[in-house]
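Just below sit the structures, each encoded as C-alpha cells.
Presented sequentially are two complexes of chain A, the first with chain B as partner and the second with chain C.
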Partner chain A sequence: MEMTRRQFLKISGAVAATLAVIELGFDEKGAQAKSKEFKIAELKPTPTICPYCAVGCGILVYSKGDDVVYTEGDPDHPINEGSLCSKGTTVRQVYTSEKRITKPLYRAPGADKWEEVDWDFALDKVAKNIKETRDRTFIHKENGLTVNRTDSIAYLGGAALDNEECHLLQKLFRAGLGLTFIEHQARI
Partner chain B sequence: MTNHWNDLKHADVLMIIGANPAENHPISFRWILKALEKGGKLISVDPRFTRTSQMANVYGQLRSGTDIPFIGGMINYILENELYHKEYVAAYTNAAYIIEDTYSFEDGMFSGYDKDKRSYDKTKWAFKKDEEGKTLQDPTLKDPNCVFQLMKKHFSRYDIDTVIGVTGTAKETYLDICKTYASTGEVGKAGTILYAMGGTQHTVGTQNIRSYAILQLLLGNIGIQGGGVNALRGESNVQGSTDFGLLYDNVPGYMQVPTTAETDFTYQGFLDRITPKEGYWVNKPKFYTSMLKSFYGDNATKGNDFGYDYLPKLSAGRNYSFMRLFDAMYRKELEGLLLFGSNPAVGGPNAGKEIESLSNLKWMVAVDLFETETSSFWQKEAGADPASIQTEVIFLPASSSFEKEGSVTNSGRWMQYRWQAIKPKGESKADLEIVHMLARKLKDMYKNSSNPADMPMKAMTWDYGESDHPDIDLVCREINGYDMKTKQQVKIFGDLKDDGSTCSGNWIYCGFYPENENLAKRRDSTDEGMSNFLNWSFAWPANRRILYNRASADLNGKAWSKDRVGIEWNALEGKWKGHDVPDFVVTKGPDDPTFIDPFIMMAGGKGAIFASINEGPLPEHYEPYENPMKNSFSSVQLNPAVQFGEEEMNAQGDVSKYPIVATTYRLSEHWQSGAMTRSQEWLAELVPHMFVEISEELASEKGIKNKDKIVVSSARGEIEAYAMVTKRFKPYKLKEKTVHHIGMPWHFGYKGIVTGGSANRLTPHIGDANSTIPEYKAFLCDVRRAK
Partner chain C sequence: METIKFVDVTKCDGCRACMVSCKNWNDLPSEIEEFHGSYQSHEKITANTWNVITFNEQERKDGGLDWLFRHSSCMHCVEASCEKACPEDAISHTKFDSVVIDYDKCVGCGYCVQACEFDAINLATYIDKNGKEFRKAQKCTQCTDRLEEGMQPACATACHTGAIVYGDKDDLLASAEERLAKVKERYPNANIYNPQGIKGTNTVYLLADKPSTYGLPENPKVALSQVVWKDYAQPIGKAMLGATTMAVIGSFIANSLNKKNESSEGEDHHE
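Right, the complex of A and B next:
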C-alpha cells in the first residue's frame, strides 16, 4: 500500500483542518508539481537534515540571495523518501520568522530592556566574565592532588547542535577551562 | 537504537511503550506501517490512547510509572510457559552464570543496602569465579543460584492479577499482549521494542529500560534485523551530543571523567579503575590517550601522562547532573551559566524554582535562534521585577541548521551531513564559529600566564585556522583521529594507540573521516540488502547498522532465519559476511571458544540479563515519588537508591491533596520547550493553546466542560490551561481504588507567537537512581475550573 500524503498526515497527527493541510503544501499531486516547478526553477537544492526529531529526515533547501525560496522532503533520502511531518515541512520559517534574533543583545544588571550591541562587545564580555569567575574560583590543587576545576560556571545544551560543535564545546569547557557542570538535554 | 528506522519494517511484532512515534517521530511510521502491511502486529502501551495506539492491533492502558510490573509480568508469563528462545538464552546471555551466595532479595530489597547512603554494595551480587578467575556457569540453567533461576524466582511474584492491579490494564488485553509479544520468541521471528521518554523519565527509568532489554534477550530479539531495544530520540542530535561527552560524568565515547578518588591520583590508577578486564573495553586506555592527544596535542607527552593532570577532577562522590546544577544555583554557588540552545525555564523540572534560581547568577550567556523564557527570565512579562535582578545577560544570536554546515547523528546512529544552503541570517553566527572565536579570545588572554592553574588552557590545542571562521574539515579530522607523526587519518579505532602516537577526539566515530573523505556526506541510497543502506552516511561504530549482529546467527554462524540475514559465517572464505558490517572480529571462526560470545562490549561477551546497577541487578517495582497507592510488591515505596537533592527544590505532594496521576508529553506541531516552533507562524497557528487532556469521567466529576479554562495544581505550583475533555484517558481501576489520570504537553511558555502555561511548573525535582533524569512522567496533581 502506497500511502498518499493525505493519509500520512492523518496518522502523523496534524490536528489542523484541511485548509492548513493545503497551506502546508499537501495539495493534490499535479498542482503541487506545477507550483514547485514555478517556484524553484533554476534554483540549486542544498541537502540538509531536519533540525527537529532524531528520525533524521532529509530536506532540500532552495535558496536565492537572502531568501529561502522553498523547502521539500528529499526524495532520495532512504528514511523519509520525500515526505516530512508538519515540523519538517515548515522548516523554512526557522529562517524567515520575524522572531529571529539577528544581533547580539545585552542586558545590564538591573536593566529592564535588552540593548543591541556588536559582536566584539558581546564576546569580550563573555570572555571576561568566564575568565574572571574561573580565575577567582579555580581549584588547582586539593589535598595535594592536581584537580584543575571550577565548580562555579555551568554549561548547558547541545542536543540541537552539530557534532563538530559539540566536540569543540566539550574541548573548550572541560579540557581547557576545567568546568565540571557540563550537561545537556539527554539528562532531562 | 540498537537498530535503525528502516529496519522497523522487518519486525513481526512491534511493541511501543512509553513512546508515541505517530505524533513525535511521524516519519518513522512509514516503516512501522510497512511491517504491518506484511502482517506484522503493533502493540501500543501508554497511559493515554495516542495516535500510535489508534494504529495498533492492541492497546494496553498503563498507569504512568508501572512499566516494571507490566514487563515483569510478561517476563513471568514467558518463563512460566517456556516461550523463550532456549538456545539464544543459554548461549548468548548470562543466564547460565552463577551468582555469589551473598546475593539475596527480600521484601523489595536486595542484599548489601546501606540505609544512610541510600546505596548498595554491589559486590554482594557478583558473579562467582573459580580459582583462575573464570565465571562459574551452569549451561543446563538448573543451578538455583544461576541467573536464570534467580530471575525466574524474582519475576514469579509478577503474576497477572497483581500486575494488572497496579498497572490498571484490562486482563484480556494484558494476556493478549503477553501472547502476541511472546510469539517472537520462536526461532526465526523478530520483535522490536520502541521506547522514548515515557520509559526513561521515572525514578526507576534505567530499570524500566533494563526490563525491556531482559525481555528482548529472553526472546532472542537483540542483534537481529527487525529486533532490538530502540530508544526513539527526540532531538536531531541528542545522540551526537551524548556521544560527544556533553555530560558531567562522560568524556566523548562513553568514557569516565576522573575524580578526586585515590585511584585517580595517577593516570595509570585511573585507567586501571575504568578499564574492565574482559570485553572490548580492555582497549579503553588507547581510546583515552588518543582523546587526550586530541585535547592537548604535542603538549600531551608520555612524561606528563598525556596531560591527564590538565583534565578537571570531579569531587569524588559529588553528582553534578542537571538537577544538582540547579540545586547549586539555588544555593548561590554558581556564578555563571552558558546556554547553547537550551531553555530550562520551560524544559526543567519544577521550573518555577529553577527560574527563581536563575536570578542568583552573576552572569548568563544564551546562544540561541530566538529569545527564550530562560534568557529573558528577568523581564516583567516573566513575572519578575527587573530592577531587583542583578544578573548580567549576554544573548548571542545563533544561525540555524541550514545556515551553516556540519553533521548530526540520528536515532539509528547515522551521522548525516547538513550542507550550508544560505548565509547566516542577519548578524547571527554558527555555534561552531562562536565557540571558535571565544576559545581564541580566551587562549589569547591566557597566553602570557605562568600560573600553573592556567596550564590546561595554554596546553589545549586550537588549530582550526586563523580566521574567525574555523575550518570544519580540520575539526572533523581531529574527531576521527590521525597518526601524530605522519598526519595520516586513522582508518578504524582498532588502530588507535596508548603510546601517544595517535589522536582521536571520539573513538566511536573513528573511521568516518578516512583520508580526504567525510563519509557522513555519502548519499548513495542503494539498498544492498536488508535496508541497511551501508553507503548512505556513516553509522558508528565502524558503519555497523545493527548492533550485536553476531547474534543474528545461530551457534554455528548460520542466520536464525533466511529472511533475516544480518551476518553469517562463511567457512569457505573464513570470515563473517552478510548485509551489515560485522559487529564481531571478522575472521573469528568456530574454532575459537569465543565464537559464541556476541556481546563484544560485555565482559564474557554475553547479553546481560543480570546487571548490577544502582538499585539492583534485576528490575523491581517501586512506586513513583508521588503515587496514588501502596506498593503491591513489597513494603518499599520509593526506589531505595534514589538520591534526594536540595530539599526546598523538591516539595512532595500527597494523594489526599493531589489525587490525580499526571504525565507530560509532546505534540507533532511543537518541539521541546517550543522556543523554535512557537516562534513560527504556521506551527503556532496549528496548535496555539496550552491544553490538558482529561477524561469524560473526571470532567463530569469536576463539572468541567470541553474548552473550559482550568487550573492544574501540584505541590510545586499551578498553571492555567484549556480543558480538552477526551476519551483518550480513562479512569484506572487499580487493586484498591479507581484513580484518574491526566496528561498535558510541555511545549508552552510566555515567549513566542503563541504562549501558555509551562507544564514543568508542576513536575517534581527528583530523578532516576542511575541517570538522575527527572521524573516528569508520573506525578500527582489536582484540577479545578478557573474562576
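Right, the complex of A and C next:
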C-alpha cells in the first residue's frame, strides 16, 4: 500500500483522535464515587430539649423553611453530650409525621366519631367543663376541717416540664382549683 | 491518619439508638417485621435497614445466661468481596477506607449480595418516573458524607454507652487490647474480630464470645475466582475490547482513505 504524505498525516490524525476518544470516553476511574449531597450543609441548627423523658437531653434541630431536615443529639449539651436514645432520635417525626394531629378534635357526648373544631371552641369547652365540675363537686369542709378541694379532677404532668412550668401548674391546679390528684407521667 | 469504627459489644445495652440514628441520617423508610420470637427487631440487615442489633441468648457453663448484643452492619473489609464481585466498578474504597457504592454505576445485578460473607449488602427496589422497577445495591456507607465534613458516623454519635466509637486506628486497636484484658474474666472466650484473611476490616469488634456465636465467619476470605475475575480477567478483557475497537476504527479509516485514493487515481493526477 503506497501512501502519500497527506494520506499518512490524515491516518495518523484519525488514529490519534480515536485513541483520545477511547481514553476519555472509557475512563473508568475518572468518575470517582461521589457521596450524596451533604443534607445539612448551610443549615443553622436550633438547640432544643427532648420532649420525652425526664433526662432532658439536648437536641439540635436542622430546619429548612417549614421543614425539619434532621435532628441530632447536641454535642455541647452537658446531659447527653451528643448521644440520644432511639426514641429521642425520632423526634423529627413529631413534626413531619403524616399521623400528626394539627387541629383540636372533639367527640361530643354520645357521639361515635371525632370532629375537627377550632381552638376557641376547644379551650372554652375545657374551661367551662373544669369550672362546672369543680363547682359541682367542691368540698369546703370535711370532719369539721376546712379542706377546700375537689376529688373529681386529676392533673397529669409530663417529664418535659421544667421547674418554672411545674411551679405555675401547681399554683393553678393545687392552690387555685383545689385539686389533690396531681401526678407525674414518669411515676405511672 | 487511618481511622476505624470500633464496636465494643460488652458495652452495648441494646437500646437500638444506632439503628434509629442510621435511619434518621440516611432517610431510610421503616420496615415493620413480624415478631420473630426474640427481642431482636429485624431478622437481618436489609437494603433499607443498614444496621441491626442482634440479640443472642447464650447459656453459660455455670448454668447462667448471657444476653449478647451486637451492632451488626457492613464491616468495610479492606479486601472487600463486594468490590471484587462488582462487574461495573461501582463499589470502591474511599479515603476513609470505607466501602461505598456509586449508585449511578450500580446496575442492580446483585453479584455483591451473593459475594458478601456478612450479608451486609442487599438490593433495594425502586420505581422510576415511568413506573418501571429498578434495583440498586444498598448498605452502610459508614456515613462517608459525614466523615467528609469532619463529623462522626451517625451510629457512633448516638451511642450513649460508648460501645461504638470512631477514631484513630492505632489508638482504638490499643484500647481494644486493654479492654479485652479487662473483660476476659467475665467472658473467657472474648476476642477482637478483625479478620486477617481479608486484611482486616474497617469496623473492628470486641466480641464477648466466639465469632460463630454471633453468626460471623471465623476466617472470611475473598474467593479466588473473584480475585481472578476482577484483577486479571476484567482488565485484560477491557484492554482487548479497547484494542479491538481501535483496530476496527483504524482499519475502517485506512480502508476508506485507500479506496478514495484508488477511485480518484484515474481522474486527475495532480499529485
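Before moving on, here are some points about what is shown:
Just so it is clear, the second predicted complex is superposed on the first by the 126 of 188 C-alpha atoms of A that agree within 3 Å, B and C clash if a C-alpha of one lies under 4 Å from a C-alpha of the other, contacts with A are read in each partner's own complex, and residues count from 1 in each chain.
The definition used in the following text is that a contact is a pair of C-beta atoms (placed from the backbone, for glycine too) under 8 Å apart; a residue touches a chain by one contact, two chains touch by 3 or more.
This one's a predicted model, so the numbers in the text were calculated from it and none came from an experiment.
Taking chain A as the reference chain, the count of touched residues is higher for B when chain B and chain C are set side by side. By the touch criterion defined above, A:T90 lies against chain B and chain C together after alignment on the C-alpha atoms of chain A.
Using the contact criterion defined above for the overlaid structures, shared-chain residue A:E183 touches chain B, although it does not reach chain C. By the touch criterion defined above, A:E164 lies against chain B but remains apart from chain C after alignment on the C-alpha atoms of chain A.
When the two complexes are overlaid on their common chain A, residue A:Y70 makes contact with chain C while staying clear of chain B. Once chain A of one complex is fitted onto chain A of the other, the partner contacts of A:I79 are limited to chain B, with no touch recorded for chain C.
Across the two superposed structures, the residue set of chain A contacted by chain B and also by chain C is 1, 11, 14-15, 80, 83-86, 90. Across the interface of their complex, chain C is touched by residues 1, 4, 7, 10-11, 14-15, 18-19, 22, 26, 28-29, 31-39, 41, 70-73, 75, 80, 82-86, 89-90, 92 of chain A. The touching residues of chain A, counted against chain B in their complex, run 1, 3, 8, 11-16, 20, 23-24, 46-59, 61, 63, 66-68, 76-81, 83-88, 90-91, 93-95, 97, 99-112, 114, 119, 122-127, 129-131, 133, 135, 137-138, 140, 142-143, 145-188.
Within the complex, the chain C residues that touch chain A are 15-17, 19-21, 24-25, 27, 89-90, 92, 94, 100-102, 104-105, 141, 144-145, 148-149, 154, 157-160, 238, 242, 245-246, 249-250, 253-254, 257-258, 261, 271.
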